[in-house]
Amino acid sequence: MYTLTGLELKNPTLLAAGVLGTTGASLCRVAREGGAGAVVTKSIGPVPKTGHPNPSMVRLDCGFLNAMGLPNPSYPAFLQELELAKKDAGVPVIASIFGGNPGEFAEVAEGLLPEKPDAFELNVSCPHAEGYGAAVGSNPCLVEAVTAAVKDVVDVPVWVKLTPNVSDITAIGNAAEAGGADAVVAINTVKGMAIDIESGYPVLGNRSGGLSGKAVKPVAVKCVYDLYTALEIPVIGVGGVSSWEDAVEMMMAGAAAVQVGSAVYDRMDVFSEIGAGIEAFLQRKGYSDVKKIIGLAHEMV
Amino acid sequence: MLPLNVMTLPLNVSIERIVEESPLVRTFFFSHSFENMEPGQFVMVWIRGVDEVPMGLSRKNSITVQKVGEATSKLFELKEGDSFGLRGPFGKGFSLPAAGEKVLVIAGGVGAAPLSPYAEAAGDAGADVQTVLGARSAGDLLFEDRFSAVGALDVSTDDGSKGTKGFVTDVLRKLDVSAFDRIAVCGPEIMMVSVFRLLQEKDVLEKAEFSLHRYFKCGIGVCGACCIDPSGLRVCKDGPVFSGVQLLGSELGKYARDASGRRVKI
Amino acid sequence: MYTLTGLELKNPTLLAAGVLGTTGASLCRVAREGGAGAVVTKSIGPVPKTGHPNPSMVRLDCGFLNAMGLPNPSYPAFLQELELAKKDAGVPVIASIFGGNPGEFAEVAEGLLPEKPDAFELNVSCPHAEGYGAAVGSNPCLVEAVTAAVKDVVDVPVWVKLTPNVSDITAIGNAAEAGGADAVVAINTVKGMAIDIESGYPVLGNRSGGLSGKAVKPVAVKCVYDLYTALEIPVIGVGGVSSWEDAVEMMMAGAAAVQVGSAVYDRMDVFSEIGAGIEAFLQRKGYSDVKKIIGLAHEMV
Amino acid sequence: MLPLNVMTLPLNVSIERIVEESPLVRTFFFSHSFENMEPGQFVMVWIRGVDEVPMGLSRKNSITVQKVGEATSKLFELKEGDSFGLRGPFGKGFSLPAAGEKVLVIAGGVGAAPLSPYAEAAGDAGADVQTVLGARSAGDLLFEDRFSAVGALDVSTDDGSKGTKGFVTDVLRKLDVSAFDRIAVCGPEIMMVSVFRLLQEKDVLEKAEFSLHRYFKCGIGVCGACCIDPSGLRVCKDGPVFSGVQLLGSELGKYARDASGRRVKI
């Protein structure tokens, strides 16, 4: 058992927000069939949003580009999905939420409380939704205020998900910590774009979007490494993790646990595979505890 | 060398021929052939500047489209020589029969699109293919020629302008469905639910496969927009073709989710 | 012939700074054998630097990580290399320079003037050199001052090379333009890191570095796209270009020309290959002039 | 399954055996075999926390290292069972002879490291191999046994403690170098320059290949740190082995660039 901000996880792999997290049933499937130690929901906001027009996600040679545009049915409609997830997932369920300001964040969090999410993850980092996401997350004052506002209304752990699209991610991490965050999650997608040269059209319906998958792993490792140095609270690593080796690398950079998003493209059970791989690695190398590898790279000088 | 699959950025294809199948349905032959496609698989069709929507392959190199809204209307404005983007083929198709098997194909409306290459592939595999094809009226019947070329064809129309007056289920009731080794179904969801119930009554669900429609965003199994209850299966990746047994007790015919993820009654 | 800030190029591909640019001879080779339309030198500073310990560059599954640490012999020692390059390259030679403040930038630029570089490229964007590079390039005031200081002492075009490791690259681009830049170059590498899980050591001698190659192309395309909208001056696109298709994509995003760095790993003549590929594309699609595709994606709505 | 090449992140290898070849030279056998290496190719050896330096492969699974500075000293502190990182093999090796060809190997000091597998491979290819091996004194002669196992061996030592007193060139002058089809040279740069001049005099440069040393940063042909004048050839990728003709009029023996890129006299 792994403990993460007080939650008990059977393994340190979590489903990342926005991936297979629209319905309670699919969250349960990722937990049961996929073997995730915990699942994070799609980011839920104050009002229903259909998101950007398609194409909303494309695979690249290296990684994926997406601009979903935070589609979500709003918190009142999501309650029934959360209820199902909480009932059947058998693992902690973390509600990812977003809003345009501290008040909206607090409203959504309170609105979802009846179904008792095990934690909240504040998405202040989506790179392609006007006025939401990274618009909030690149402003330390706003991040602190948003975090504090949610902390005020909930008594479960609050994680803050950070964007790498800033000059200094540790400044934003510090703001989250100052606001009372129990953990930070790094990283959301990296701003990116692809153009169809036959037509000249940007490929994504939203023109540009966020890069995820293999391409961003080195970026995520660096962010996690820097945040581990700068913060007291745990860092949850996400970005390009698709194997146990990637997960171990992220943990050595300082991640207390990892989230996996795009890699579900290849296989649903990537979570149990990574969990087993980490265990086997710890055993082969004689580490008594996963804690021995968390942040290990900081000691190797 | 043309790629067998286009799993990354959309391939640019040009329209080689447009066939008007019925007032609201056209077939678009395009300049690429998905040689290894499984009947029942779909492609994501990118109408640039508008939207990208899923369409079953009606042949290795064609889609057959019903005009229903923005993207399909824009597609209908395109002429031979114009181009669009294509990704795919994606998803799981219908399972092919072995030689000598008896196959029943049940197609409603534009559901005939992915079933026509299936009927042909089944025929090529040496199966004994029989089709029940339904539509609103005689002019809306799709691919009668392709289905009848590979086996017996029964037709139903809502208005009775051709074949049995009524629904495909009215034809089905007259058949001994238990005589078939495989049953492949595609059509509007209300039609598929009626067929589902009938096949369930006759206790042949385990032989049946249904091709579902749900709102697709990514189309590649990552975003979760298309998941169905209570299994959490992804229509775009685990489907769109599911066995009857997979759909037992499912949301089929009850509700679907819209682009925001809200449940909407069928 | 392509014209770029007044320079005449035989094709719109340039060698990127820091790649095969340490010696005059290798710059000539990239121009003659490689077919580059112009070449940019290694970034040259005020004093000799040996750079970071090795490993200073590693290949990843997607792209490359490097932390050279701006090794350079300083401008006095580089004059003889520049002389050779100017004499034999047969194409414009752009001097990439760096410093810690406007005065140092001006000093280096003036110091190299005797060998008449065809333009200067100001590296305010290296992500892994303390006090240099991105430390300057994420501060708009400093970027404007540095640009103005160099403009003051030279009368050839001055390009400013931007880092993507900022919240808003257009703010930095605007600052460069305000300082009098004749063009901006985007992007330098993206902050990144890799850890050897067998030992726990960060792989790079400098622990972290910058990501280049295929992985960063979508990031570069997005930066170029945004800069094209925000600025009047030309944008030179760099990051992950390794084929003519990549170059066309970058140009449709708004690049007046492209630079190629990491892709010399695969082949030296990537420049002439890209140049020929662009020509063939223009011809096939019936574009009368390369200008027709520059920024084309902005018109496709 | 072990990789044939390690072109991306360093592979972790452990030291299986250490052989003390001479007071300052040790061979490290490691837990990986580069089955497809060409003699003359090098690997980048990562002594973690210290540096990564190039070393020629003295076998598919060994490097032979002279202790000269920080990284090599740290390597000398490692024991059997300890590990380091390895990338490679990189660069262009010596060209192999056909059966029946006459090959002259000229090795000075630790230059014997990459030449020993070359002599063996040449022998395996059915060539007639003859070696001239030089070192400071008898105790510094490397791989005498490996060279003599595949053909004639002439030795020179600076102090005359074994073989001809003097340099390899003193042995070479006594040979008819024009009788050889190929000549492979590696050693300290001053030694290589003497050999180069001698072979140039005898007009056999086009048969000769030299393995160069320059300061490597990336080791993979991108950074440009190792380029030589006036060709701009990269020692790490276009070399380290160059033909004599490629080196005519080059910086060889005149200067080299240090880690900052400054020219330093040889």
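Read from first to last, the chains carry the letters A, B, C and D; within each, the first residue is number 1.
The definition used in the following text is that contacts are C-beta pairs under 8 Å (C-beta built on N, C-alpha and C of every residue); 3 or more make two chains touch, one makes a residue touch a chain.
Every value quoted in this text rests on a predicted model; they were computed, and no experiment measured them.
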Whole-Å gap separating chain C and chain D, where each centre is the average of the chain's CA atoms:
36
Report the inter-chain centroid distance for chain B and chain D in whole angstrom, where each centroid is the mean of the CA atoms.
66
CA centre of chain B versus CA centre of chain C: separation in Å?
51
Two or more partner chains touched - positions in chain B
48-49
Note: chain C residues in touch with at least two other chains are 60-61, 194, 199, 201, 300
Among line, ring, star, complete and other, the chain touch graph is other
Tell me, which pairs of chains are in touch?
A-B, A-C, A-D, B-C, C-D
Note: in the complex, chain A contacts chain D through residues 300-301
Could you list, by residue number, the parts of chain C that touch chain A in their complex?
60-63, 65, 138, 165-167, 190-195, 197, 199-202, 207-208, 211, 214-216, 218-219, 221-222, 225, 245, 248-249, 252-253, 281, 293, 296-297, 299-300
Contacts from chain B onto chain C in the complex sit at residues 48-49
Touching residues of chain B toward chain A in the complex: what are they?
7-10, 12, 44, 46, 48-53, 83, 85, 87, 216-225, 227-234, 257-263
Listed in rising order, the residues of chain C that touch chain D in the complex are 18-30, 42, 48-51, 53-61, 64, 66, 68, 71-74, 77-78, 80-81, 84, 194, 196, 198-199, 201, 203, 205, 261-262, 264-265
